[in-house]
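Below is one structure. I have some questions about it.
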Amino acid sequence: MHDFKGVYPILATPFRSDERFDEESLRRMLAFMARIGVQGVTVLGVLGEANRMGDREREAIVRTAVEEVGSRMTVIVGISHPGTRATVDLGRMAAELGAHALMVTPSAEPAPNDARVAEYFSRVCEGVSLPVVLQDHPASTGVHMGVPLIAKIVADNPRIACIKAEAVPSAPKIAALKAALSRDLPMLTGLGALYGQFDLEQGSSGYNTGFAFPEVLQAHVAAWQRGDKSLARRVWTHFLPLIVFEQQPGVAVRKELLRRRGLLATGTVRHPGGALSPVSATQLGELLDAVMPGVDITQPLDVAAVIG
Amino acid sequence: MHDFKGVYPILATPFRSDERFDEESLRRMLAFMARIGVQGVTVLGVLGEANRMGDREREAIVRTAVEEVGSRMTVIVGISHPGTRATVDLGRMAAELGAHALMVTPSAEPAPNDARVAEYFSRVCEGVSLPVVLQDHPASTGVHMGVPLIAKIVADNPRIACIKAEAVPSAPKIAALKAALSRDLPMLTGLGALYGQFDLEQGSSGYNTGFAFPEVLQAHVAAWQRGDKSLARRVWTHFLPLIVFEQQPGVAVRKELLRRRGLLATGTVRHPGGALSPVSATQLGELLDAVMPGVDITQPLDVAAVIG
Amino acid sequence: MHDFKGVYPILATPFRSDERFDEESLRRMLAFMARIGVQGVTVLGVLGEANRMGDREREAIVRTAVEEVGSRMTVIVGISHPGTRATVDLGRMAAELGAHALMVTPSAEPAPNDARVAEYFSRVCEGVSLPVVLQDHPASTGVHMGVPLIAKIVADNPRIACIKAEAVPSAPKIAALKAALSRDLPMLTGLGALYGQFDLEQGSSGYNTGFAFPEVLQAHVAAWQRGDKSLARRVWTHFLPLIVFEQQPGVAVRKELLRRRGLLATGTVRHPGGALSPVSATQLGELLDAVMPGVDITQPLDVAAVIG
Amino acid sequence: MHDFKGVYPILATPFRSDERFDEESLRRMLAFMARIGVQGVTVLGVLGEANRMGDREREAIVRTAVEEVGSRMTVIVGISHPGTRATVDLGRMAAELGAHALMVTPSAEPAPNDARVAEYFSRVCEGVSLPVVLQDHPASTGVHMGVPLIAKIVADNPRIACIKAEAVPSAPKIAALKAALSRDLPMLTGLGALYGQFDLEQGSSGYNTGFAFPEVLQAHVAAWQRGDKSLARRVWTHFLPLIVFEQQPGVAVRKELLRRRGLLATGTVRHPGGALSPVSATQLGELLDAVMPGVDITQPLDVAAVIG
């Protein structure tokens, strides 16, 4: 059922201007994702500012996601926590609320320790009842998992159902993992789609990232999967300036885009995260005009029309 | 009332062998602290493995501490969280449960930003109703707060009532802060008492650290305060091998000592924290024999007798 | 004379397969840069693997660059060193050998200290006789210089003649620096041109980066400077997949491109730097075919022809 | 001949007040070491501010050490460099100048890679002609070498003759290495002697560290080796306040002590290293008075007399 192929947007967590969780915006964003037909969504990832949330807020977000779209797509919940037992507890909470899968990444310890990382995944996989997406994202975690370590973790834990491949260079790592793993596992592209074309070439099964126009990622994957390599490359390249613009640090750029798309009531980022600079706001407007002139971005994008 | 002078042990969080919170051991440890007459305790610090705890567990720990000793000493609660709003929420929880003070330290952001750190403290101080201990501990947080930044934070926020001075070299920093702050503020020594003698010389008002023999810290402060510098130095030096032994990374050494003192049922550390190595366990026994031969460490220490 | 406007490629250091410095390839690369008419070159930057070089090798590289193109363009030499005095010594060596400017970036110290960073620049500027390019690249240095600190350094040191703006988000930082600096200073774009379009929009005066097709950067700047914003955007976007491909970590990708361009005899990277993976080599070929089909990349690129 | 048993002080590099290398002070310090009869010295370690030195200065320091004491004790030269080939070049320089052994530690790369670290040691060991001391000091290098990795490096490279064990907790690591290594290898204690007693208990063969009173370390090792455990412990404990005082960051404390001992003309630290604070200078004086009242520290210490 949950094959982790296609497009699984990572969702921002909407806040009101006073930083309270904005359930209404989350529902609107979820409904939009259902409307464009993505395969699933991930809540409580880095983009979701999970690390700035209390446990009760986490519950509210998961509950909302499951209620709104749980019957129509895969709901993945980020549960990473510096404590192994707390990770398990969050995973159980997510399962009880009806989520379908869990995203797990290890936390950096003072002295890196591969055996401890492997134990972490084994304990989490033993403690929870849902499929696990192993997130390999050293830029945010500080944990560097070599191919042999990931292969061991995957071999030890049948519960691991997908790898979110976010260790650069990602395409060679996907290739190396495909060669090294004891079983065939879907690998999804993250990193805001920056290396999306190269990852697809090496066997990525789709996207699990927060780019504010998931329709573009859908069009990219669809073109690639039906063998139209030229179109795939054209789609990705056309929107690459926007993908690059979103690479600028902080989640404010993406939240502003989601706001302009009518999905978020405000682009508020929780403190101490930074707000969008006026310079970036202006540049974003000009960039949208250049990349998709005249397009109403509050509606699902007609990618073919945009790239002409 | 809460003058932050004297000895305020940082408490370990007791766990059963399956890593569940062990309330009984926490009560026993609290009762012991009351028995030896410390001025307060801090729960949910680094030694308390606060970062490996869920929010409901945090509540249980605070509730237990307040119930057991809240009427007899100052109960300080660590509330630091990567999200400012979540820090405030934890502070309100602690206040509602009857705690007396809060310990707050900033979290590292990808790009260090003094203004953001100052805002963090201002927002927290505005959002909570209790005195705040500003913890300056770059080794655990990765946040380096210069003297001018701390001076600004203290000037901006009357709620700040104490500084836990754990930025090395700590003694010169205490001196520099005393010269720079706009008001007189008690400063407590941390870092496992490693630089305790030097901090006292520069005006530390006591200890706020997790050394497993707080009686020693009481004797050290008492001797210093009544002007017996020679005795103070003798007390500290006698136990310095033990203080140094505890500097080894991880909280396992301290938990083992607390277990041997009869305060914890087990020395269990939550995964992924490391357990005590057999080598360290053996060395610890020999060290205790050398530092305080024949002493029953389950009883409050007669420091004068030990140092002879 | 040296106005730091235009395109100043950062040069790779060529090595033979046994890692010895390959002077012949360096001369060939320098001659190529002269042929396409860049305004200057930088040797001994990060891409130049300066940190893997001994001092005598550094001298040989500077000598070669000055000899080959010193009369035709600005030769900038990277001199950053963890020791301030050693930085000055390298700067004097470069001046004696006839270089025209120096690139300087601070090194991370255990505790960040803005005053120390400002001193570093002042001592270097007092100790050397050439214009200084202040490089602001926290990703490689770990030193985060806020706008006020850079403004102070620039005000204190008239010798600083240019800023290499590589702190993300770079475009807002360029804008903020332009507003904050006490004098007008050219700012050059680095980071492999990833944010080149956005930087130009905020007043970047050109490029100082290692993208293997500097002709593209020349075309980008030229179009922008004559007001053809649409063409500028088109040039940058067309080559953006290649720019992104080069963002993958390590210098091996760029060295391989320079090898394919006929400029380097080998793509050898000095140990412990990593070699190019076969996967990346294959992908690079496909990417070149897609971005500039049929083009002989050993010749200067006709950018207008490539983008059609 | 070079058995790496006993005491091998790490030497500070003396500078004049203008930061120029002070050869005369280095000779005086070396002569003092010969006078007290240490087994060897290490130049160009972290304490020697090796990273703030140019290559010609490094040569001058090695030359001076070999000339002054090379016939009387083992001269070890720190040669670590971010580039493997440059490390080898420094090692050859040291050998040509007559040094007896090399101290090598790996540099941190953006993504930790055990295989690359092993290669680093193999290439260095193949490229040089002297015995190698493998320094395991993650606090300064950021490289965490697990026991299996070190065991592999030692098995692969017969040239490795000693391990400088500075990864905390050091005593358990020494024990683990002794159990894991394929051959018996001396292990020396570093870290300023902080854990010296515990390391000796686990089989450390002596000291290779910069404590400013190497006579104390000699007395400690001597007492331990002749089985007088009680005296060994007493020696170490008596001076532990001084050992702890020296743990404060920066090399300024040690250089000041060496200056007070009459060995260095000035306590100058190279920028950007920090100078001694007046607070620390005052505390140091009081501490010396307390630890060894009335003792002339410019003369070799009579440790037995000091501890009474």
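Observations on the model:
In order of appearance the chains are A, B, C and D, and numbering begins at 1 in each one.
What we mean here is this: a residue touches a chain if its C-beta (ideal position, glycine included) is under 8 Å from a C-beta of that chain, and two chains touch if they have at least 3 such contacts.
Treat the numbers as computed from the prediction; the structure is a model and nothing was measured.
Here the chain-to-chain distance from chain B to chain D, counted in touching steps, is 1.
Chain centres computed from CA atoms place D at the largest separation from chain A. Of the two chain pairs shown, B-C and A-C, the one joined by more C-beta contacts is A-C. These two copies of the sequence, chain C and chain D, are related by a rotation of 180 degrees on CA atoms, to the nearest 5.
Chain A and chain B, compared by their mean Cα positions, are separated by 38 Å.
Chain C has its Cα centroid 48 Å from the Cα centroid of chain B.
Between chain A and chain C the centroid-to-centroid distance comes to 33 Å (mean Cα coordinates, whole Å). Each of the following residues of chain A touches two or more other chains: 111, 113, 249. Looking at the complex, you find that chain B touches chain A at residues 19, 49, 51-56, 81-86, 89-90, 106-107, 109-111, 113, 116-117, 119-120, 123, 249, 270-272, 274.
Put simply, chain D touches chain A in their complex at residues 111-114, 138, 144, 146, 167.
Chain D makes touch with chain B in their complex at residues 168-169, 171-172, 175-176, 194-195, 197-198, 201-202, 233, 236-238, 240-241, 244-245, 247-250, 277, 279-280, 283, 286, 290.
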